[in-house]
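In this document, chain identifiers A, B and C correspond to the written order of the chains, with residue numbering beginning at 1 in each.
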């Protein structure tokens, strides 16, 4: 009786935890929306805001109908690796509602990542097609690098070929990625890269009207730095659902310890990356110009890259390592952003360096810094540990780092392989890019019934009449 | 000992749940404020923002002093139907603090709904009077359609004449409305309708200066679509407190199941309605003009109508039904919005179609789609179930649908009956509408010490001096 | 077994509570950022937004490396008063992660309070130096007035000289301040005052170019009242983590009761102060001008002063007292704001009246209104109670009120004593104030690569081309 009653209460507490964390992850959509809207030019604001709402709305319907079943449906520890799930379509077959809710919010993030990169020049049709394709199908593939779970009793993707929870995990280990640096962020970031390349840059960004490369790329946006900050803060806040919530349960002291470590590491990763992005960019600039300036974009996108980078290892590294991961993440962002510009890849919100490179760095860093104690607590096994720790104990065991590198290659390869032909198909059928004139005027005007902002002037005439 | 200790822990967990949910419902005030401010013209922004702050501030004081006592005070299962509560004024008589906190946040929403509709032309006095009247008195009447509770052990309005928790509920059933499609949203929406009609449209909206009807109504606002989206997302986020929180408790597996179903249904209702509002409006427009455009307002207000529509039945319908309810909600919004314009009812934020019609649809849909299993779990009784299910089991039992229709009529009738004379009183005493010149200049200038936005220009002169 | 299992679940629940509350307190950074940005002129928006991000990022790193260890490290009930903690640097020595996370969010608020006051004229170096100094060192000193804890079993600063949890608390009592009116808000507010005086007002605010005092101070900002409201609402929302979270635990009915009382009192304090600030300012203005206007700033800053004011006593006063505290807080704000202007202290966001005076009032009010029942439940002792209650029971015991007054004097004295020389040092080394020309052009242009807002116009030419 007592035992059953306690188990019942535990069910309630853990459900509460997932509903809470899911709500915070949903809040990340607010963050994405504000960040995106702020980062672009004012003439396309309605367009990207609508896309963000559709990320949630379409994401919910897509994840309800197909996505969840493909991603998690019918997982079965007695079976080997499977490519795709096949149960739980339309929330049938006793799907755990709270788990679906939490995962739905994750799936929405995927298309939001891409939306920013390709803003200001893509067709509505392209958006609709890719977001369905990405959430419905691509996500599942990359999910084989499991979003994972916190304790040996609770896991969710037992049939992934890289999963640490498979009956016979690859190389006896499986990849470690608590909250999804790889299957969410890197997956979205690679998709953004593929689409940005095939789509091409915005008019006038790297080339003049005659197609001659500009000496300096023309900055386009942000139209509101305030909105960018609002978005960045909103994402950071939501991340406290994204990462700690990925422990799925909180109904014991040990689970609580893991979740609070996750919260602390998330904080330190974000903070270190914001500082490293900001100060590094200031120093680089000061070397060139002699003037100390402070680049808000470097701070904000550094911060976001730190959040992405700590997402994989937040449960298995020590706080000092989270700090180091964040510092490097800031550099990864700066280097990646500069590289995109050099390669003339036009990323309207820098999602490629933030999510793709940040995600890859996070997965690799987890293979470097995860220690035995934390791995044991969070994943129930510590046969293979972070390479720095293996090294410290005189071992040559490269298994964990190896499988993390494999995971990075897998996500990169998988998304490129399925998304490239898909984007070319969109291009060939002329569904990818808007008309040049539309691009000049702005999609808000051509497709959304007018501008996002309408500040009318009050005439001095009426004012003087009033004061009479 | 053990049993008592467990009960004590349960008390703590459930209190946590209500404090959490109440905070999220409070966040809806942020959403309302940004949605409202964004939807109107820039010259009245300070005015509506202040109203929104007063919704919370005045709402708190009003609900503390009178509202709670009228709404819930002295409920007693041994008594029959009562018209009004009479205990708990000023939080006396051992009121549960966490329950008060959660309910306070609900009460605030009521006046926010009205504030949007009547913006840009109402006097401050009118706002102050109606919001007190609405929260203090009207709410209680409509509360007789109970905001309800999730399990047989916890209910809160045992003396409502439509309550399923009354000792002898009406027709042996009582109306089913988990989180308040009727007593919050429809109640607010009807009040908005009454006031909008008595107040009349904004200058120049439907008539020119000589009172001749315009061929096309003149669009007024939005001044910032970004703020509208921020508000919509904020409301959606807050709704995860509003609906799941209305289960009041989460301290068992069964309660957790109900709450997570509620979260899922809330998601699907909102998502389906956003898609249905957007795509339907696109198709209608494309028929007329041949051009595919995407109306952000249809997507946002469709989404909100879906949230309102799923609020009543979120604990008692299956996810597929939540999807259907959402799809219809999108159409309800579009039809209602068009109807308001045809009838020359000027609703500055479309609160009437969203909250009144969405709320009515939600209550009715609950009478159609609630099934026996969900009703049993959430309300502890399944004698009368949704009409589609009655029909499917060959029964002619119309009780639940009947009582839901009665509830809709009751709320409509009740609010019209008490709010119409009240508004006429305001009109006769000249407290309702601002001066025409004030309306032209904007209330921000005439009553709030100047414009909401002040972007000064930096002179090129100073800039060139700096670079020297 | 059962007992241990229950204790384990309790650990999980309480950890969840702190992670949740910490996330909400973190959200206050969003509120501070938007409030600050909205309150100033558009030419310095990027600057203050960046400061706000650094409050979190630098705050995290500072609190991780030194701040936590100084503030809480090595507390030991067997020792007497200590000046500074000495364990837990870099989260070593088994620091509770969830507690660190919650406290980190508190520490960030400190520098955000100062940032607003000194905006638009301070150097980046000044910001970086003071925020480190404040969080790392000053906070600890004022922490000796403990942020406290809710029940006798859980306390956190047993070695503070004013702590009610010391083995031998001062005068047998110790100061009562649940969530930090004194060590967070008043501390930040006094620092803001010191720095504002040493820094001097913005150019043209109180004096013309020749240094002649203006008849009327020139208003500077707000550039966006919408952002101010967004910030105010965001802060209010976050306060539901700040205050109720300060009970640290929620895993019993009694703890839940304290936390929900805190939520209710927080609500009433904020609400009453918003109303009192607004209506009082309206009445004062109407007396002077004969016109009824409604000052949004008075409502918002009144509200915030109420939140600050109720922060100390939210667990130990009755709801009616919270209402009274709020009413007075509104007046405290208005008087303080007027006084600052009369003394020509230029506070860009009125943080001095809000946080310093509001905080002082809160600490004093706790000494007036705390009753025996609430003190017993929240702090486990009621030997000394609020002065009004002592008076009512015919006692002349002035101990609690006396120690609260001492706490106010101590915080004021401590912060002035250490912060004044620090600011003079910054001034002498020319690290405090930006160049006058930079101030005229705006820091965004001179140090942050351009303006925060860039709204380009769409040419009619392109539009007409599109329609062809």
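Criterion: a contact is a pair of C-beta atoms (placed from the backbone, for glycine too) under 8 Å apart; a residue touches a chain by one contact, two chains touch by 3 or more.
Just so you know, these numbers come straight off a predicted model, no measurement behind them.
Asker: Is the chain-to-chain touch network here best called a line, a ring, a star, complete, or other?
Answerer: Graph shape, chains as nodes and touching pairs as edges: complete.
Asker: With over half of the numbers shared counting as same, classify the subunit A/subunit C interface as same or different.
Answerer: Interface between subunit A and subunit C is built from largely different residues.
Asker: Between subunit A and subunit C, what is the gap in Å from one C-alpha centre to the other?
Answerer: 33
Asker: Counting only residues that touch at least two other chains, what does the list for subunit A look like?
Answerer: In subunit A, the residues touching two or more other chains are 2, 6, 9, 13, 16, 20, 224, 230, 453.
Asker: Enumerate the contact residues on subunit A facing subunit C in the complex.
Answerer: 2-3, 6, 9-10, 13, 16-17, 20, 24, 41-43, 221-226, 229-230, 232-234, 236-237, 240-241, 244, 250-257, 259-261, 263-264, 267-268, 270-272, 274-275, 278, 292-296, 299-300, 303, 319-320, 323, 437-438, 440-442, 445-446, 451, 453
Asker: Which bits of subunit C are touching subunit A when the two form their complex?
Answerer: Residues in contact with subunit A: 2, 5-9, 11-16, 18-20, 22-23, 26-27, 29-30, 33-34, 37, 45-46, 49-50, 52-54, 56-61, 64, 90-91, 96-98, 100-101, 104, 124, 224, 227, 230, 447-449, 452-456, 458, 462-463, 465-466.
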